[in-house]
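So, here come the structures, one by one.
Consider the two complexes below, in which subunit A is the common component and subunit B and subunit C are the respective partners.
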Partner chain A sequence: MNRFLTRLVSVREIPVLLALFIVLVVTGIANPQFVSASGAQDIFLGVAVIATLSVGMTFVITMRHIDLSVGSTAGFTAYMIGKMSAHHHGLVTSLLVALGIGLIVGAANGFLVAYLRLPSLVVTLASLWIVRGVFDQIAGGDTVTDNQVPVALGYLGRHSFANIPYIFIIAFVLILVASFFMRSVRPARDLYAMGSNPPASELAGIPVARRTFFAFLASGAVSGLGGAILLARFHSADSNSGLGLELNVIAACVVGGVAIAGGVGTPYGALIGALLLQSITQALGALGVSQFWQLAVNGTLLISAISLDRYLTLRVKPTRILRVKS
Partner chain B sequence: MTDAVLRVSGATKNFGGVRALHNASLTLYAGEIHALLGENGAGKSTLLKTLAGVHRLDAGEIILDGKKFHEGSTRLAREQGVAVIYQEPNLFPDLTLAENVFAGRQKVNGKIVDWVGMQTEAQTLFDQLGVPLNPRSRARGLSIADQQIVEIAKALSLNAKVIVMDEPTAALSSKEVERLFNVARALAKRGAAVVFVSHRLDEVFELTDRLTVMRDGATVGTGITLDTTEADVIHLMVGREVSELFPKGFHPIGDVVLSVKNLAHDGLFENISFDVRAGEIVALAGLVGSGRSEIARAIFGVEKYSHGTITMLGKELAAGSPSKAMAVGIALVPEDRRLQGLFMAASIAKNSSVTILNRIKKGFLVRSKDEAEIAKTWGETLELKYADINDPVERLSGGNQQKVVLAKWLASQPALLIVDEPTRGIDVGTKAQVHKLLSDEAGKGLAVLMISSELPEVLGMADRILVMREGLMVKEFSRAEATSANVIAAATGAVTV
Partner chain C sequence: MKRVTFNWDKGILVFLVLTTIVGSFVTPYFANASNFSFVIQDIGEFMLMAIPMTFLIISGEIDLSIGSSLCLSSAALGYSFRHGIPFWLCIIIALLVGLACGLINGILVTKFGLQSLAVTIGTLALYRGLCFVLLGNQPVNQMPLSYTNLGSNSIPHTFLPYVTILIVIFGAIGWTTLHYTRLGRWTFAVGINVEAAKFSGIPVARLKLALFAMTGLMAGVAGIVYTFRFASASPDGATGYELSVIASVLFGGVSIAGGVGTMWGVLAAVLELGVIRSVLQLTNVSANTLLVVSGGLLLLSVAIPRAIELSRNRRKLVSSDSKS
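Our next item is the complex of A and B:
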């Protein structure tokens, strides 16, 4: 492979973007309806929630941690927003409550991981269950119905600007802001250092515990508010809302070039990853392939993504010694 | 010279019951290069880590630039003007070099990270140091020498008054050492006090202005390098005369044990042929990165090779299988004991017996008692210093860790022992023990293939010396023919020396 190509591939977002393009073109040729405005709208609607949650997840994965609690948190707050609206609380109040729930979960995760140094995989698996358990207890078999969804959220979930759904625009703006933040603001740059070499970041004087805490706090806050997008998207919520969502979010991040080993990745990469996964799901649907194969294809894609990662990390090792002769 | 930049006095530090520093002192002047010497465990590391802000003294005083030095914070240490360059620098592989220079203190415009500013300044620093590094490339894959330069650039940008280099040359080739020395001299010229820690005395005498020797946590001597001899220093370090550092005895050489024919691997080495006989120590000399370790790894089966044959005791050895290599009696003591040689968190007992679990198991089970037994026996032979045989090896000093690696391979009773940099980063006393051990084992008929970057070690230990350069075997010397001059000339490709 020549040097230009290598560099192109090592900007992790580019191969993903390329794959996305190929999926769209190939499916478009096979089924022209797929590339219509409504096809695009479906894809955008499909990624809005995952893209939103991937912002917090990118923070966390970049510093070599994981947050499994985002699906439970978002599902719980989606339900709470709907229920509070049904009891005639204003949208602002319910959003604040949602944010509060997210902050509490994020602060608990952050405290346990940053200050007690417990492994994030276990801590957030526990909080996934705890939040889901509390959620089940409160919701029982109850459902937030379409007419209980706050009017404004219902509107955002159903309408578009220039064929782009509002909830996607919200997620997109969030992604843009987060991407800028991660490129150009000091505490966010520290997350890359921490994920790249944890002991060295301590030696470099980076306040590792504080940064870890705030990254989990941010992930919690994003998930809390993400519940509003989830509610707007599905116009309903019950105790199953957001179940398993965290895995889709992690997949979007990894496919989009956020290395699970930390140190690299961007929120916009995660967005592209989410778009690719969603496009494939819908492309396979448009081509009449069964649900089972869609999951299998997503799995294969994940493995390709980490294989590419591995290849890129390995190939930079300088190996040639012989200079006399090839 | 002017007033002292740094004055450490009465430094005392205990870890649990272990006395790491006892009334140690160190004085540094601006513009000097100062060697800090001592065996492993003499207290150098503790003293340096205190200056780096990792430890806090139990008693004693540190005055930096006329002010009391605030201990116990790496960030504060840096801000007060102390920079430490570790033997294996700790860069962030995924970040650019510019960001590595400014890690944890990125330049900002208001709140926004100033990328251009960081890159420009990093470029200026690299230029000043005279190294062609690109501040925009990522640190992953950088050689250790270049990584050190990045750390030094960081120290420069901090305007460090005291720059500590902790065994910086251990993993460098001689050309890189040369470059590092020039950089160190430039730093001193700018008015920094440079502390140079090394186990290589020739380097100390080439580079430094003054030296301080520590032993058992105390400072036992300090003086001007020119007025001191190597013998003085060694005497101070060990508190006894080390008459013979490299004591390979003369033993009868037996039959061929290992025979390598036309071994080649794309891009790494080519046309490699040699034999090692029973009782013989054969050294692979050459610069770091000349392909020596790659050959060792190919013989042991950790790496594959594309051409050639390896014959062990008359039988051809299958490629790419360490377990097959072990089965025919090959042992490899790798160059990086922490990463490749030991299970750091496992006990001395478990590490020592890991190569012979098949031999000591009873039925399907391995008994801890038997493991401990093996470890204790070898511990005695190697004069291993430990508190409890069940302590994790990470608690041992570097030299003692190396003894455990040797123990675990000698326990397997190999016919061929390959040792890759067997004495890197270990103190003079232990070094002598390792050399004596290798010599003794050779005397009992062991074939030894030794890779070493330390010329005195090669010249003193080896019966034959094979010199590698850029993946080719360029020269062979017998013990009688070899001199430091002709080995260096062969290794570097110099026409005249």
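Our next item is the complex of A and C:
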């Protein structure tokens, strides 16, 4: 029994899931409307974009890197999809262009990080600005309006299947697939080895550079297509789309147990993290707390999540203490 | 043959001179006193924040919350002014708030053993959120002119804005501390190898705590400069400054992996970015190009040293092969 408990606690997603449950229950008691179908719908809708982007981010963070360029890329492709459909290109063409943009950004990041061994924080910070600059140059003050959004995307953004918005379902499927890969497919599993001990994984014969490259490529592709979700969600796009989104995505990952130090975490953990952050935001509204507190509460939550994680790692796996703390 | 060592921070100095020369040729509005004054005013806060950030990154840590800390101390200034506290006291409160922001980051990193990147993403949101809690949606205006004039006027009989005084003082302190004192040597030692530093008796935790606290305090100073310059405190000020500050530090030749960097490289880099911005603005190039240029420069600042290193290693490898 005790061993079972220890194992259960060591599943990193459990505390987050517990926190999510508490938030939902407490808010539900205080304001019954919160746990209604429309309340759930709001949360799912709010979480779809971040959940989608967190898939790529989980790959990247797991191998102890970071990708700051996802917000710029998603915003850019959201705008491009809208603009192309306004010029009567088909949805498939627009999506392919979006995917292409994402792949280009991802390949550039991946090449610089994997083969030139440049620090990913610097590289993706640079590509955040470069993509945003190009995006601003192309978009200018122009806005993709509601009627320019491709019909199919508009439909997906507005309608639900059994009260679950379609765009959340898409994100969810993506997360399931990614979770399967990270659990059972070797190239994706290698990311854990690379994140927990880079030199050892190199010695163990993992093609570290190639894996790194493809992880960044995947992150680029996901954020390219994430633009479609972004457009479907907001029914509009302009040069400010996706601004600062990267930090929200990273926050969702970190809250969901994808440690910045690499080597641990799952895509579904990141989804739970995103759900927790979003439900707290919504819960504050339902509880009548001023909207000005939302950001502060989210920040506090993020800090508590990593503190709790640190505490649990020290408690549950005593061997870890032997590591020099810094 | 004596090898000429190339350092990025030397390169940036050359680059700064080149940009200045090119700038004065392409636009007649660039090389004059009033524009120079404008450039300094424009980079004032970045200079002030880049100095402690240099220490922090050299020691192997990072502070993403610096823009929010700036805004929070500015918001604290505005909030206490709005509630009728004498203005000089408001300034002290703002500085204390900045210091507290840094201390909180430092305690979370050193006492709790958390990753600074993750912690400061959290405090980035937290401090920004507190700005909104303090000020709501209303910016605070109508601050006493005798103070806010310091933000917009120049020192009498010169073209230099008042912030120059702060930049010179703190720049000098930062420079000497980093390169000529024990504290500076410790900072490098910790950045190169934490464990070795610990075993050689350096109080690593206390040093890092102090560096975080200094960063917060300087964000407070920058917050006051920022408030004076715009003569208002608003909850959404200085958004995204953290990335600009970090970028200019890296652009100045500081390695994100820690242990490498010079203060003058960073100061030159901040100035260089200000000069480039000014030249681009005066030649009517759009702000978007500036983003692309900054990003490109940032990439070059890591890619060029790496390329040189790689080619050297290859040469070394070849020569050692031929020996054996």
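Definition applied: the second predicted complex is superposed on the first by the 309 of 326 C-alpha atoms of A that agree within 3 Å, B and C clash if a C-alpha of one lies under 4 Å from a C-alpha of the other, contacts with A are read in each partner's own complex, and residues count from 1 in each chain.
The criterion applied here is as follows: a contact is a pair of C-beta atoms (placed from the backbone, for glycine too) under 8 Å apart; a residue touches a chain by one contact, two chains touch by 3 or more.
Here the structure is a predicted model, which is why all the values come from computation and not from measurement.
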Partner chain in contact with A:A30 - subunit B first, subunit C second, else both or neither: neither
Larger contact residue set on subunit A - subunit B or subunit C: C
Contacts of A:I22 with subunit B and subunit C, given as first, second, both or neither: neither
Which superposed partner A:S127 touches (first subunit B, second subunit C, both, neither): second
Partner chain in contact with A:L302 - subunit B first, subunit C second, else both or neither: second
Which of subunit B and subunit C A:V177 touches, first, second, both or neither: neither
Touching partner for A:P199 - first (subunit B), second (subunit C), both, neither: first
Contacts of A:V185 with subunit B and subunit C, given as first, second, both or neither: first
First (subunit B), second (subunit C), both or neither touched by A:I66: second
Residues of subunit A that lie at the interface with subunit B and also at the interface with subunit C: 259, 324-326
Residues of subunit C touching subunit A in the complex: 62, 108, 112-115, 117-119, 121-130, 132-133, 136-137, 194-195, 198, 204, 239-240, 243, 246-247, 250, 256-257, 286-296, 298-299, 302-303, 306-307, 310
Subunit C-touching residues of subunit A, taken from the complex the two chains share: 66, 68, 112, 116-119, 121-123, 125-130, 132-134, 136-137, 244, 247, 250-251, 254, 259-261, 290, 292-300, 302-303, 306-307, 310, 324-326
Residues of subunit B touching subunit A in the complex: 52, 73-75, 78, 90-95, 99, 103-106, 108, 111-113, 115, 138, 140-141, 143, 267-270, 289-291, 294, 470-472
Parts of subunit A lying in touch with subunit B, wherever the complex brings them together: 183-186, 189-190, 192-193, 195-197, 199-206, 259, 262-264, 313, 316-326
